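For reference, the structure I am asking about is given below.
Letters A, B and C mark the chains as written, and numbering starts fresh at 1 in each.
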Amino acid sequence: MTSLISPATSDRAAKVMLWVSASISILTLLFILGYIVVQGLPVLTLSFLLESPRLSGAEGGILPAIVGTFCLMLVTLLSAVPIGIGAAIYLAEYAHEGAVTRIISFGVECLAGIPSIVIGLFGYAFLAIYLGFGFSILSGGLALMFMILPWIVRVSEESLKAVPSGLREASFALGATKWQTVSRVVLPTAIPGITTGVILGIGKAIGETAVIMFTAGSSLLMPTSLFDPVRALPYHLYILASEGISDKMAYGSSVVLLVMVLVINLAAVAIQRHYGRHHVRN
Amino acid sequence: MSEIEIESRNLDLWYGSAQALKEITMAMPEKKVTAIIGPSGCGKSTFIRCINRMNDLVKDCRITGELLFEGTNIYGNSVDAVELRKKIGMVFQKPNPFPMSIYDNVAYGPRVHGLRNREELDRIVEESLKASALWNEVGDILDRSAIDLSGGQQQRLCIARTLAVKPKVILFDEPCSALDPISTAKIEDLINTLKHDYTIVIVTHNMQQAARVSDHTAFFLLGELVEFGKTKQIFELPEKKSTEDYITGRFG
Amino acid sequence: MKTNERIIELLLFLSAATAVTIVALIIIFLLKEGLPVLVKVGIIDFCLGMKWNPIAIAGEPSYGIFPMIVASFYVAIGSLIIAVPLGLACAVFLAEIAPSWARSILKHAIELLVGIPSVILGFVGLVLLVPFIRDHFGGWGFSILAGSIILAIMALPRIISISDDAIRSVPREYKEASLALGATHWHTIRKVILPSARSGIVAAVILAMATSIGETMAVLMVVGNTPILPTPIYDILDPVRPMTSNIVLEMSYATGDHASALFATGIVLFIVVAVLNVISHRALKSKMGTRR
């Protein structure tokens, strides 16, 4: 290959190009975030956060949507955590290599790959209609659980597997049973990693829209029971924007949603940092 | 001559299709220290891990022959490995304290076996730490994390943790291989004290250590027991050529 | 004691089996709801039919989703055309030339980007990108182009982080050998590092495609909703309707065969995404295979 450009020049040109690419990515992100924050911040008042919407959300606040999101997250958390950690314990500590274990792991992988709208459709057909939960907090929360379950299983499994095997041996050598070893030594040692994973899972679920559209409903009233429909914040944002109800309110909702996600992610990082110092791995 | 505590009769062990132990027959007397020496890969660790059935945790591990503890075959159907391990404790190659407080480490065993009484636990923790010569160093920092201790202290903590379960036998699997000479000396002193109350089996790759701490010595090579006898005799007048070669440092 | 342990193990096993059970239920319920229309219309006619007219005022309704399958692939491939070069460049930047401060900024930016809910990206696309395209390129603004750009932003973090991992797992010796032969850093990256990391990168790209095809909210808000092929077919300024949008847009009022057709759309979507996921997995596995 003959080239008029010297290798040194092309090396330098390529590096400039890489710097530019990285900068474009970061600037795009900053632009998106900056735009939303600049547009949405003026909307953020106490009454926006603490009032119910009027005129389909064109005026008033977003309190029911915040409460709705909170309720959904609670159901998701309460269902996903025990099942997810239980599954992870089984896979990391109990499972023997074999067909059954392979099928279970395959199931987790599969579930992780299913598009959220398909989970939404399933939630509608199975939870809302077949089980008769209707459009409700329960249906929406469980559907979201289906979505984040694989994530929680995977993160927890990794955290459990990172526990040094010497600790298990020590416990067994003291005459502890399998479950005593798992519950008193392995699980506590893995808890920081698992907690971080669970929190990040909630961070994924909180902004999810397609899953809850046909499961949680879109009521703007305050829920009074598990079987009441709610409109989660991201869905509220979608309706405000796509039906052209109010861009102003949509910006405000976006900022609130962003702040929620940010706080959740920062909490996860903080936990990781805090326990990282004490974590043993020699 | 004291009573026999542990006796191995024609013990064979396979990992999958590879035989790791061949026809091991030897008897370990009560309240004495029995050392097992040999080059790495000779099966000495595998053997010691048979005694408290830690090999149960290894997949594809198959054992034939008999291993008697107090006259009962521990691989018999009626024996519960969990119960057995309460009587036969183990200290591992690498100090492996749990990532919890010093107190909780020592109290772990008794708690697992159902003890809840705080005063009783306090007493056991103190006794065990005194017996493992650690009380003077950690007596007033019991709620500190065990991870903050030095390697030697961690290993003595692991010994205390084992003592707290009140076993009859303590198995040491190369307990000093990760430690400095001073910590090693402390552990050896400790073993010399502990043998008045416990039957001890220690695996070591350090021949001087075997000579210093043990009453009997077994020499393993390629999964076979080459020679077993009084430590003094093994080191001064070995019967087999390979034992002599190993002890004089011609291989290993 | 023993029975306790057994019960606990059983409970753990049941938890572990939950995911498989859910997947099985998803398949069962999609089929239960979607099969009637698939049988009635015929799978071929459903997938290759050009006309989507579920509520016919006069005459028979028709259920053909070919334009939507095309639309799904169109926006997904469009997003890859934008995101792959950019993402790869960022990954090379991260793995090879970034000073630590730049690395940490980019890493944090990626994490932040992953966290932004797709509905917010869709909203930003709706208020910024769509008018921008309308004003500067013509057309409605709601377009394949807009969908591709928003999806590219979503795909970027995934492509960067998997490619970064793939590049990092290239043995140092390869790089050192090349540099020692007098090759420039860039030459080494192009001729040694990227080819060695290829299968990992391919896996990342296919996975990104699967995710893009399955993505709903962000696309929905910017891509328009006309269930016909763009005319001419290469017109990226035309609005289209991907499969995911089809489900969202009509599910709230669909009944009978119409609802069934939407579930059938879900079945097709499910299969397409599953196939892509499997291919991506294979690519990643074969990478592991070649390196012990």
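The rule we apply is simple: a contact is a pair of C-beta atoms (placed from the backbone, for glycine too) under 8 Å apart; a residue touches a chain by one contact, two chains touch by 3 or more.
Only a predicted model underlies this, so the values are computations on that prediction, with no experimental measurement involved.
Listed by label, the chains that touch chain A and also chain C number zero. Measuring from the average of all protein CA coordinates, the nearest chain centre is that of A.
Centroids built from CA atoms put chain C at 18 Å from chain A. Centroids built from CA atoms put chain B at 47 Å from chain A.
Measuring from the averaged C-alpha position of chain B to that of chain C gives a distance of 56 Å. Looking at chain A, residues 177 sit in touch with two or more other chains. Residues of chain B found to touch two or more other chains are absent.
By the touch criterion stated above, chain C contacts chain A in their complex at residues 1, 4-5, 8-9, 11-23, 25-26, 29-30, 32-33, 85-86, 89-90, 92-94, 96-98, 102, 105-106, 109, 111-113, 115-124, 126-128, 153, 156, 160, 183-187, 189-190, 210, 213-217, 220-221, 244, 247-248, 251-252, 262-263, 266, 269-270, 273-274, 277, 281. Of all residues in chain A, only 96-97, 164, 166-177, 180, 184-185, 188-189, 278-280, 282 touch chain B in the complex they form. Within the complex formed with chain C, the residues of chain A that make contact are 7-8, 10-11, 14-15, 17-19, 21-22, 24-26, 28-30, 32-33, 35-36, 82-87, 89-91, 94-95, 103-104, 106-111, 113-122, 124-126, 130, 146, 149-150, 153, 177-179, 203, 206-210, 213-214, 234-235, 237-238, 241-242, 247, 250, 254, 257-258, 261-262, 265.
By the touch criterion stated above, chain B contacts chain A in their complex at residues 52, 54, 57, 59, 82-86, 89-90, 92, 94, 96-100, 108-109, 112-113, 145, 147, 158, 161-162, 165.
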